[in-house]
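In the two complexes that follow, subunit A is the common piece, with subunit B as its partner first and subunit C second.
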Partner chain A sequence: MTVTWCAVRGSVRYEARMAARDRVLWLSLLPLTGLAVLLALSSPAVAGQADAAGRIGTTVVVVNTFAVVGLGVALAGRLTQHSRPGLTEVLDTTPGGRTARLAGVLAGALAVALAPIAVVVVLLGVAASVQASSVAPLAHAVLGVVTVLAPAALAITTFAGLAGLLLPVALARVLVVAVWFWATQLSPSIVPVPTPTGTVLSPLGGYQAVAWLGARGVWANRQRTGALSPPPDSGSALLNLVLVLALAAVFFLAARLVMAWRADGHGTRDGADR
Partner chain B sequence: MNIVIEGLGKVYRGGHTALDRVDLRIGRGMTGLLGPNGAGKTTLMRILTGVLRPTSGRVRVGDHDLATSSGRTAVKRMLGYMPQELALYPDLTAREFLDYIALLKGIDDKRARHAQVEVLLGQVGLEDHRSRRVGGFSGGMKRRLGIAQALLGDPRLVIVDEPTAGLDPQERMRFRALLAGLGGDRIMILSTHILDDVAQACPRVCVLDEGRLRYHGTATGLTDVAAGRTYRLRSEMHPSDGTVVNAVSGPEGAEYRLVGTPPPGAELVAPTLEDGYVALLQSLDPTNIMR
Partner chain C sequence: MNLAALPGYVRGMHDWRLWRYEARRAGRHLLVAPPVLAGVLLATGLGLRGAGFTGAWLAQSAPPLVAGLAVAAVVGGERAAELHLSLPTPLRTTLGRRLALLGAATVLGALILAAGLLPDAHALSRFAALCAFGAMLGAAGAWSAAALRSTAGASTVVLAAWLAELFVLDRIFAAPAVRIVAQLVLAALFAAPASRLLAEGRGLIEGGRE
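Presenting the complex of A and B:
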C-alpha cells in the first residue's frame, strides 16, 4: 500500500472518529434531520403523489433541503481543526501529502455526518416498501442517497470546509446557510438576484429526483427559465450530478490551495515573525 | 548522512529577510541551534522539513535535494518534527493520535504500528495515559506526546523546536534525558533558548543571528569564545561595564556574572556555554544581546 493511500485511510478513520465525538455536529444535524422528516411527512408535495416510490423521491429532496444544510453548518469547523498552527506543521512533514490528507478528512467527516440522514431516508424507504408491498420505494431511497444526498453533501462539505478556512467559523456557518438557500430555494421570480435555484447548477437534486426517483412538485419540474434549466430527464439529471461534483472538486482544490498558501507562511503572522 | 546547506536565503512578504546566505553542514548526532528571537531558527527548521520553500540557495539531506518534489517526499519519509507551538487533536486519545500520525507516515502494518505506538508511549512516560483524551493533558504531557509522534517510524532526521519551553524543572530533566538518548546514529537538531539543554545534550552548536550563521562548531568552542572575558563581581550597584549574563541577589548585594570589559573588583572565572553565547552576540553587535 502506498504512503498516500495509507494517509487517506488514516485521515478517514480518525477524522470520522473526531467528527463522531463532535457535539456541534450532532446538535446541528439531528434537529434539522428531524425537522426535515417532519416537513417531508406533512408536505403536500409529498402527500400529493399517488405512488409510494415517487413520494420517497420527493421526500429525498425535502430532506436534502433542510438536513444537508445542517451537515454543512456542522462541518464548517472541521478543516480548521487540522490547519491550526502547531498541528499543520506536524501533518505537513508527513510524506502522505496534503491532498490525500484533505480528501481523507473530508470523506471521514462526510461519512459520519451523512450517515444519520441516509439511515433516516432508507428507513422511510423500508416503511414505504412494507406499506406498498413493493421494493421500489426502498430502491428509490437508496438511489436518492447516492444521487441526491451524497453529491449535495459533498458539495456543501467542501464549501463549508473552504469557508471555515477563510472566515471565522461562526461566520462561515452563517455563510453556508445563506449560500445553500440561495442555491437551492431562492427563486429569481421572488427576489430578483441571479441564483442557481432551478438550474442544472443547483445542488438541490431536483433533476435526479424527477428523472430517476419519480418525484413531482420540485423546482426542476416547475421552473424552466432558460438554457441552464433544461427539462428534467436522464441527460439533465446526469449533467446536474456532474456539475455538482465538479463544484465540489473546485471547492476542494481551493481549500487545498488555501492550506498550502498558509503553510508557506502567508496569511498568518508566522511568516513575518520568524 | 549529512545535511548540506548552501547559500540559503528566505525573504518573506514585506521584504523581511529571515535567512541570509546560510552555508552549513550538519552531520549525525545532536546539533543545537541557538539564536535570539527572530534569528531565523524556525525558518531554517521549516525549510529543512520541506514545508517551507527557500527564496534562494539549496539544501541536500543525504542524496535528496529539497528543491525537488521527490526530494522533499523522500526527506519526509525519514523525518520526525516537533514544532515550537505544538497543537494536538483534543478529541483523540494519546494512542489514537500516535496511530493517526503513524498512518500519515506510511506505517501500514497494523501490528508493527501498534507495537511502535506502545513502545513510544512507554518511552515518553505516557503508557498510563494512553486511553486518555489529549484535550485533558498538561503542557508537559502534550510535549512528551509531541516528541513521541516525532519519533514514529524511527526517523533518521529529527528536528525539535523549543522542546522544553514551558516545562517545569522535573519535566525538563526528564525531557533532556530522553533527548540525550536519541542522538546516536541519526541527525538530531535541537532549537532552544535554554542553553542548559544544549550544554548537556549537544556536542555541536550553530548560532544564527539576524538570519546569518554566526557560529558553527563544537559546544566547547562556543564556550571558549568567552574565555578570558568572563567575570564574577559582588556589588550593591549594577555594574556599568560588561554584559550581565546573570545576577543572584544576596544579603550583601548581588553577585553578577559578566562578559566583556571587567569592572573594578571583578574576578576572572571559567566560562560556560551561556557566557560563550553572550560573548559571541556581544562581539557581533554590543546592542544585540539587549533584545
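Presenting the complex of A and C:
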C-alpha cells in the first residue's frame, strides 16, 4: 500500500469522524433535506407519474436541485480552513502529499454531509417498494444516490472549495447558490444568458434520471437541441456522468493549484478570511 | 460574565472611529455587497420595470439571501469571543453594531432596487418586501449562527429558510402585505432567542469552528 493511498484513507476517515462528531455539518443539512423531500412529495411532476419507480427517479432530481446545493454552501470554507497560514507548513512535514490530504478533507466531510440526504432518498425508495410490492423503486433510489446525487455533490463541493479560496467565504456561498441554479434549472428560455441547464454539462443529473431512473424526458435536455443537448439515452447519461465528474476533477485541481501558490507565500491573507 | 466598567475606565473609542472599526470587523466586502448587487441588477436591466418574471424574481429574492448569509458570517465569525466577554462592552452590543451596519447596507441596496421601479407605486412595495425578507433571513442567520456556533451550519440553515420562503411560504401567504407581516413575525421569533444566546455569550466560547 503506497504512502499516498494511506494518506488519502487516513484523512478521509479522520475528517469524516470529526465532522460526524461535530454534528453541525449534518444537523444543519436536516432542515434543507426535509424541505427538499416536502417539495418532492408535493410536486406535481412527481405525483403526475403513474409508475412508482419513475416517481422515485423524479424525486431524486428534485432532491438534487434543492438539497445538494446545501453541501456546497456548508463546505465552501473547508479548504480555506486548511490553508490557514502556518497549518499548511505543519502538514507538509507529514509523509502524505498535499493532494492526498486535500482529497481526504473534501471527501470525508462530503461523505458525512451527503449521508442524511442519501439516507432519506433510500428510505423513500424503501417506502415506495413496500407500497408497490416491487424492488424497482428501491433499486432506483440507490442508483439515484450513486449516479445523480454523489457526482453532483462532488462537483458543487469542489466548486465551492475553489470559490472559497478565491473569494471571501460568505460571498463564495452566494456565488455557489447562484451558479447551482444557473447550471441546473435556469434554461436560456428563462434567463437571457447561455446556461449549462439542459446540456450534458449540467450537474442536475437529468440524463441519468431519464435514461436509468424512469423520469420524464423533459428533465434531460429541457427541449433544447444542439450538440451538447443530445436526446436522453444510456450513452448521453454516461456522458453526463463522466463530464460532471471531470468538472469536479478540474475544480479540485484548480483549488490544489491555488493552495500550492498560497503555500509558496503568494497572496496570503491573514485574519479576516470569512 | 462581562466585567463592569470601573470608575476610572475611559472608553477609548466613542465616535465615528468606532463605526469604522466595526465596519472593518464585519468585513467591508459584506457591507459593499448589497448596494453592488442592487447596482448590478439595475445595470443589467433585471431590476427595472418591465424586466419580466425572472428579473422581478431575482430582484426580489437575491438581496435577502445575501443579507442572511452576511449576518451568519458576522455572528458566527467572531473569533475572539472570550476576549469580548472580558470587556465592559457586551458582545451582543458589539455584534449589534456590526449587524446595524449590515442592516444599513441592506436597506441601501433595497432603496437602490426600489428606485429602479420609480415612479411606479410598486417601488414602495418592493422596498418593504426586500426589507422584510432580508430581516427574516438575517434573524434566522443570527439565531442559527449563535445556536450552532458555526458560520457554515448557519449558512445552510439560511439557505433552507430562503428556499422555504420562496417555494412554500410564498404559496401560503400569497398577498404581499400578509407575506410581509408573516416575515416580520418570523424575524421576531428568530431574533428573540438569538439575542438571548448572544447576551449569555458563554455558549460562544467553544467556537473556533469555521
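By definition in this document, the second predicted complex is superposed on the first by the 256 of 274 C-alpha atoms of A that agree within 3 Å, B and C clash if a C-alpha of one lies under 4 Å from a C-alpha of the other, contacts with A are read in each partner's own complex, and residues count from 1 in each chain.
Note that in this section a residue touches a chain if its C-beta (ideal position, glycine included) is under 8 Å from a C-beta of that chain, and two chains touch if they have at least 3 such contacts.
It should be emphasised that the depicted structure is a prediction, and the values quoted were computed from it without experimental measurement.
K.L.:
With the two structures laid over each other on chain A, which partner does A:Gln81 touch: subunit B (first), subunit C (second), both, or neither?
P.N.:
A:Gln81: touches subunit B and subunit C.
K.L.:
Considering only touches as defined above, state whether A:Leu171 meets subunit B (first), subunit C (second), both or neither.
P.N.:
Second partner only, subunit C.
K.L.:
Contacts for A:Leu38 in the overlay, against subunit B (first) and subunit C (second): which applies, first, second, both or neither?
P.N.:
Once the two structures are laid over each other on A, A:Leu38 reaches subunit C alone.
K.L.:
Determine, under the contact definition given at the top, whether A:Ala263 touches first (subunit B), second (subunit C), both, or neither.
P.N.:
In the superposition, A:Ala263 touches subunit B alone.
K.L.:
Applying the document's definition of touch, where does A:Asp22 land relative to subunit B and subunit C: first, second, both, or neither?
P.N.:
In the superposition, A:Asp22 touches subunit B and subunit C alike.
K.L.:
Which partner chains sit in contact with A:Thr93 here, subunit B, subunit C, both or neither? Use first/second/both/neither.
P.N.:
Once the two structures are laid over each other on A, A:Thr93 reaches subunit B alone.
K.L.:
Return first, second, both or neither, reflecting whether A:Gly70 touches subunit B, subunit C, both chains, or no partner chain.
P.N.:
The answer is second: A:Gly70 touches subunit C but not subunit B.
K.L.:
If I apply the document's touch criterion, which positions on subunit A are contacted by subunit B in one structure and by subunit C in the other?
P.N.:
22, 81, 272, 274
K.L.:
Can you check the complex and tell me which residues of subunit C touch subunit A?
P.N.:
24-25, 27, 29-30, 33, 54, 62, 65-66, 69-70, 72-73, 77, 144, 148-157, 159-161, 163-164, 167-168, 209-210
K.L.:
Over in the complex, which subunit A residues touch subunit C? Could you list them?
P.N.:
Against subunit C, the touching part of subunit A is residues 22, 24-25, 27-29, 31-32, 35, 38-39, 66, 69-70, 73-78, 80-81, 168-171, 173-174, 177-178, 186, 190-191, 272, 274.
K.L.:
What residues of subunit A sit close enough to touch subunit B in their complex?
P.N.:
1-3, 6-7, 9-11, 13-14, 17-18, 21-22, 81, 84-87, 89-97, 101, 263-266, 271-274
K.L.:
Okay, in this complex, where on subunit B does subunit A touch?
P.N.:
Interface residues on subunit B, with respect to subunit A: 12-14, 16, 18, 38, 40-43, 46, 49-53, 73, 76-77, 79, 81-89, 91-92, 96, 99-108, 146, 149.
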